[in-house]
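Here come two complexes built around chain A, the first alongside chain B, the second alongside chain C.
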Partner chain A sequence: MLLASLLDLSRLQFALTAMFHWLFVPLTIGLGFIIAIMETYYVRTDNKFWKRTAKFWMKIFAINFAIGVATGIILEFQFGTNWSNYSWFVGDIFGAPLAIEGIFAFFLESTFFAIMFFGWNKVSKKAHLLSTWLVAFGTILSALWILIANAWMQYPIGMEFNPDTARNEMIDFWAIVTSPIALNKFIHTVTNCFVIASVVVIGISSWYLLRKREDEFARRSIRIASVFGLISLIIVIWSGDGSAYHVAKKQPMKLAAMEGMYRSQVGTPIVAFGILNPNKNISQLETDSLAYALEEPYLINISIPQGLSLLVDRKLNTFVPGIEDIIEGGYTYIDGDGNEQVAMPVRERMKKGKIALESLAMYKKAKEAGDEEGKEMALSLLKENYPHFGYGFIEKPTDIVPNVPITFYSFHIMVILGGFFILLFGLTIYLDRKELLTRFKWFHILAIVSIPLVYICTQAGWVVSEVGRQPWTIQDILTSNASLSGVSSSTVLTTVIMFFVLFSILLAAELTILFKVIKKGPGA
Partner chain B sequence: MLYTLQHYWWLVVSLLAALLVFLMFVQGGQSLLFGIVKSEKEKTLLINALGHKWELTFTTLVTFGGGIFASFPLYYSTSFGGAYWLWMAILFLFIVQAVSFEYRGKAGNLLGSRTYEIFLFLNGFLGSLLLGVAVGSFFTGGSFLMDKMNITDLNLQVISQWTNPWHGLELITVPFNLLMGIVVYLAARTLGLLYVIKRIDSDTIVPKAKTQLKVTGVAFVLGFVGLLIALFTMTGYSVNVENGIISPVKYKYFFNMTHLIWPAVMLIVGVVLVLIGIGSALFSKGKYSFFVTGGGVVLAVWSILICAAFNNTAFFVSNVNIQQSLTLYNSSSSEFTLKIMFYASLFIPFVIAYITYVWKALSKTKISEEDLDRPDSHKY
Partner chain C sequence: MKDSLVKRIWLFYYEGFKSMTLGKTLWIIILIKLFIMFLILKPFFFKNELRSFSTTDEKAGHVINNLIEEN
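What follows is the complex of A and B.
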């Protein structure tokens, strides 16, 4: 069976729940702000039109919010149910942002959500507006903490391994919170949510224009969404560039997979458009290296010379390592402290990882035997080799390569769609300025079709981030395989099926409700 | 310092659990769906009255999860990863709740209103029962083995392993857990009835709720007394702080109460408040019955949970190898993390303050069928 292993099934379950969660949450985050802007217009102008408009988008918000909440709790609990080793091994660091998210963000959202929806006649206009802004603010605060946690997994800092508790412990909270990767991820993700909501608002409004209904509502909604969307998208692209820079420094293998790049060169090009050769399979490197070497990496490759070097290092002649380069090591790179280093072959790191694991076991034995000298020796070996700890779980060097086609295509789909949305927002603003929004059917259809596209784009982004960082749950420290719970694969298969069935039903229900609400329109 | 922080954090997470039981009046209210309300209008009224608050309960559950992950990650790892099916069952019951309020009354909801009502009922009854069972396992333990150093063994790797194939479902068959589940459900239902009496303006629902309260309230009080008897006569496990060795102690939880005293005072005050609350609702107008009973429930649950871990008690016992049981000392986060979290927890009173403000702002008048027809109200 294709999905027999516990690891595959646990990953599938996490991917399923996370991707499902991410269908609803970004719209909630983005729409919260658009609604708040609309309600602000209402409070400032006292024009009932804006109240009606804001309330319509609130209906869409509420339908999404419920299912976002429902799927969010699964993600939190799943760290315990399916990744129990992980929960202990890094829970000292990872649990804190989750708890803080609960205390600071979730209560803010859920409390003021009540005023937003049930408080129209019970609190003053200004108090209501404040509540709407607080809900919007709560959604991004929640995003902030969960993204700090996620960024830490990709770039673990501010911690130290404690051999007595056999886990990593936090030593610098601010380093974790202010990690440049966390900040970048936060900006990239939240502005991405704004883009999604903007595209959804433009798409739904265009449907009304296509049907020649709700003309004023649609045009004014589009005006807000297109400007908000374009500004947000510019920030998305800027932070995406920053993200590539960080990935190159901290997760070079992810970057190599994103580019489908097996061998690199000084002045590394970037693939603008490419189709991978499906016969190029990295696991052959160890089993049939000749057949592997004969296969070209791409069937089609249109690339920009020196583009990747420029992107990740702002220099034309930087060497950005490919997959094989990373496995073999030997190239020079600049580390986080600005020092020149020679990359260590993966085999070497695997040896050191095994030493780290063995020295931890030795430490335990020496401690039980009361052997102080043995303890000291084991500890010093452990410290020396700890940066390679996770490699101790790796069986063969090619295991550190993520799924190249999935990472490559997801990345390029994301980038291409990102480009498309610039055109969409630009076009929308242009048509609005020229008062042509209502005229072209093709534009309305294009805007409607853009709704599924924007979801494909954002999901692809998360696939790059999460598939691309495999096999690590914590970069270089813990593999996905070593993070698992002690449950059987058949148990996880059962819950995967249950989640899938439940999610499919809920999604179908959500969409039919949404369509009905849209059909009724803001006048209802 | 670590010792103090470990105890502080147990106080915080058990307070969250106690608040959760109080806020599960929403679940208790949902369990009334096929009881005291008959017509569609009545159902809608009940669901809307509860719907204004469901997210608060849900958020408390999520924060309890996050809080225990951050402060006692080994519990999170051992119990969630081990008692897999129990937690999954709870999860599924809460997933269906979250969508049901919003989707039930909407056109195009695919499954029909009744399905969502069944979801709400199941969440109300089974959800609270199973959460009670999970709480019960703080006293009865579970079938697990735990060794943090397993991470170094490439053939084994898993730190904690549940040793029976039921993965937590068997916890339901432990009489004490089941009793705890039933009592938690009865507490939720009692509070649900009190909430209905306080919040809803209806000549048909409120009298029925008062009649129901007599049965449910008495059953809750009797069940709770039974639970206390079982708790105080059972054997608990004590941990030696010096060497970590765990040993059985007869009447451990009773001794925890009498040794510490203050949890016993909390428990007595809690019980008295619960009795006053229920009594005032039955025999007088009972304007404050809901909050008085709720406060009593919080105090009582909190004191019991404190006794699960304080006074050097193992709070999650391994029934396979008691030396691998979880205590405050071997399962907590590091001193540094607990300290950071301590600072974060200082904001909790601020959070409670704005929740109270919003609760008050939205509850100035009772909710009636007429309210639901107002054009400006968001209706579930």
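What follows is the complex of A and C.
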């Protein structure tokens, strides 16, 4: 019970910090590019209007950056304190990308940021523009390393476990860097940041239109943001499709939870809209299987026939496994090398995981006793069963199921809001073309309301990715439970409260300064 | 005579910081935040558990024991 509470609190703290950090990062990344586009117009046309426009959005960028900067470091504090088993176990694989990111960010921030903010009239126009573009690209390169580290946790490759050090050691840097999950995640996340910044620019500009102020500034800002946002959103959707494809191959349980799908069929449908039956509880599968079987998975379900099969395998009749199918195994699937495989039941994987853990214990004992033969034997067993290592920590098969309602609703909220933003960008471009942007109050209000919606959308995406992969910190290799340190629950609870207070103050400070600057307007 | 490169870089930053308006408030927020993070949170609430072991072998042994016991 104490452990469960420590796990929940540590997860809550990590989630709180990461989600707070993610309030700031996307706007910084996306706005950097929009500012660079505006400044490019300034350099090309020599029209002072664009300089004034770019400078205003730079102020918004600076406020957001100042409040958000270094909040991500708190996550690194937590690795050492709350997740020390994990941070040791991942070895240099996690450390190397984070170190590259840290060094890169430092040099970037101390040089090009300074030119961007202090360099007006001190360096040439072109040098200033180059700095602005370098800041924009620098922010996405920073994101790249973080996402590579995260992708490795979702799809661990390019490493070998060393039982002497209890660490996963990097043996193929390029395999980690070019992991299909990492590349997809990078494109999906960065273009998502572009969409967020575009919606924020459209929303703030619409506020000026609503107030009948800064007409030209607002219309031109909206024009750039709507086109940039729509192009980015198309890439978000394309990479989201790629994400689903990879999740189906590497994390099928996450996909099953995203769809709230317990039992599947050939030609698997996709849920376009649904409400889950709250009485369908997977933990009953082992304790009261009859009650479990009697409950339908959905109260309301509008599905597209064969949609999921088409999405994840580009074929109409593919079998996409549901939660129970994955637990029971026995279905056939095509592995990463294109070979047909029969899925192993979770109980079988649990046995192999226990063997892997016992082999590690045997290895340790043999090493202490100086028994070379024993070491060899244990190592061979460990290597053979290492792909199932994490299953050794699983107590019962249903423990590998993430929280279905949270994953399901987050996924569908994200998708529905994604659809809404296509309409928003399309409508904005249409109104701009027809020179109607200033006319409709309802549009201005819709655009302003879209700002919180775009943040809900991106946070929902993060929840799908991170809650959906539970109970793993490293897919199939390490569970969240086994990743924990021996820190006390009360210490974690104290810091959770402290973070909550600190973050609330920071957010209030950001919003206060932001509203003040927006109120003054670009003319100030 | 033209100033040296170091002096020009110094003046660039010095004048930049001096002419800040909104930036001053933002820097104050950044410094308070860094103070809380690195001088309060990190030393008092976020001690690295494995730092209590001095050698790599001890750290590895501790983690292996945790993993085996977790089983």
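Here, the second predicted complex is superposed on the first by the 516 of 524 C-alpha atoms of A that agree within 3 Å, B and C clash if a C-alpha of one lies under 4 Å from a C-alpha of the other, contacts with A are read in each partner's own complex, and residues count from 1 in each chain.
Assume a residue touches a chain if its C-beta (ideal position, glycine included) is under 8 Å from a C-beta of that chain, and two chains touch if they have at least 3 such contacts.
From a predicted model like this one, the values you see are computed outputs, not experimental measurements.
Have a look at chain B and chain C on chain A after the superposition and call it: clash or fit.
Because the two structures are overlaid on the shared chain, the partners are seen to clash.
By the touch definition at the top of the document, which applies to A:Leu357: first (chain B), second (chain C), both, or neither?
Both partners, chain B and chain C.
Going by the contact rule stated at the top, is it chain B or chain C that touches a larger number of residues on chain A?
Partner touching more chain A residues in the overlay: B.
Classify the contacts of A:Pro471 with the two partner chains as first (chain B alone), second (chain C alone), both, or neither.
neither
Once the shared chain is lined up, is A:Glu169 touching chain B (first), chain C (second), both, or neither of them?
first
Applying the touch criterion given at the start, work out whether A:Gly307 contacts chain B, chain C, both or neither, answering first, second, both or neither.
neither
Figure out whether A:Gly32 sits in contact with chain B (first) or chain C (second), or with both, or with neither.
A:Gly32: touches no partner chain.
Return first, second, both or neither, reflecting whether A:Ile100 touches chain B, chain C, both chains, or no partner chain.
First partner only, chain B.
Classify the contacts of A:Asp92 with the two partner chains as first (chain B alone), second (chain C alone), both, or neither.
first
Same chain A residues contacting chain B and chain C, which ones?
In the superposed arrangement, which is not itself an observed complex, chain A uses residues 62-63, 66-67, 69-71, 73-74, 77, 80-81, 84-85, 87-89, 114, 117-119, 122, 165-167, 357-358, 360-361, 364, 392-393, 481-482, 485-487, 491, 495, 498, 502, 506, 509, 513, 517 for both chain B and chain C.
Which residues of chain A touch chain C once you look at their complex with the stated criterion?
Residues in contact with chain C: 59, 62-63, 66-67, 69-71, 73-74, 77-78, 80-81, 84-85, 87-89, 114, 117-119, 122, 163-167, 354, 357-358, 360-361, 364, 392-393, 481-482, 485-487, 491, 494-495, 498, 502, 506, 509, 513, 517.
Sort out for me which residues of chain B touch chain A in the complex.
Going through chain B, the ones touching chain A are 52-53, 55-56, 58-59, 61-63, 65-67, 69-71, 73-74, 76-82, 84-85, 87-88, 91-92, 94-99, 101-103, 106-111, 148-149, 151-154, 157-162, 167, 333-334, 336-337, 340-341, 344-345, 347-348, 351, 354-355, 358, 361-362, 364, 374, 376-378.
Considering only the defined contacts, which chain A positions touch chain B in the complex?
Listed in rising order, the residues of chain A that touch chain B are 58, 62-63, 65-67, 69-74, 76-77, 79-85, 87-89, 91-96, 98-104, 106-115, 117-123, 127, 162, 165-167, 169-171, 173, 357-358, 360-361, 364, 392-393, 481-482, 484-487, 491, 495, 498, 502, 505-506, 508-510, 512-513, 515-517.
Please output the residues of chain C touching chain A within their complex, sorted ascending.
12-13, 15-17, 19, 22-23, 25-27, 29-30, 33-34, 36-37, 41-42, 45-51, 56, 59-61, 63-64, 66-68, 70-71
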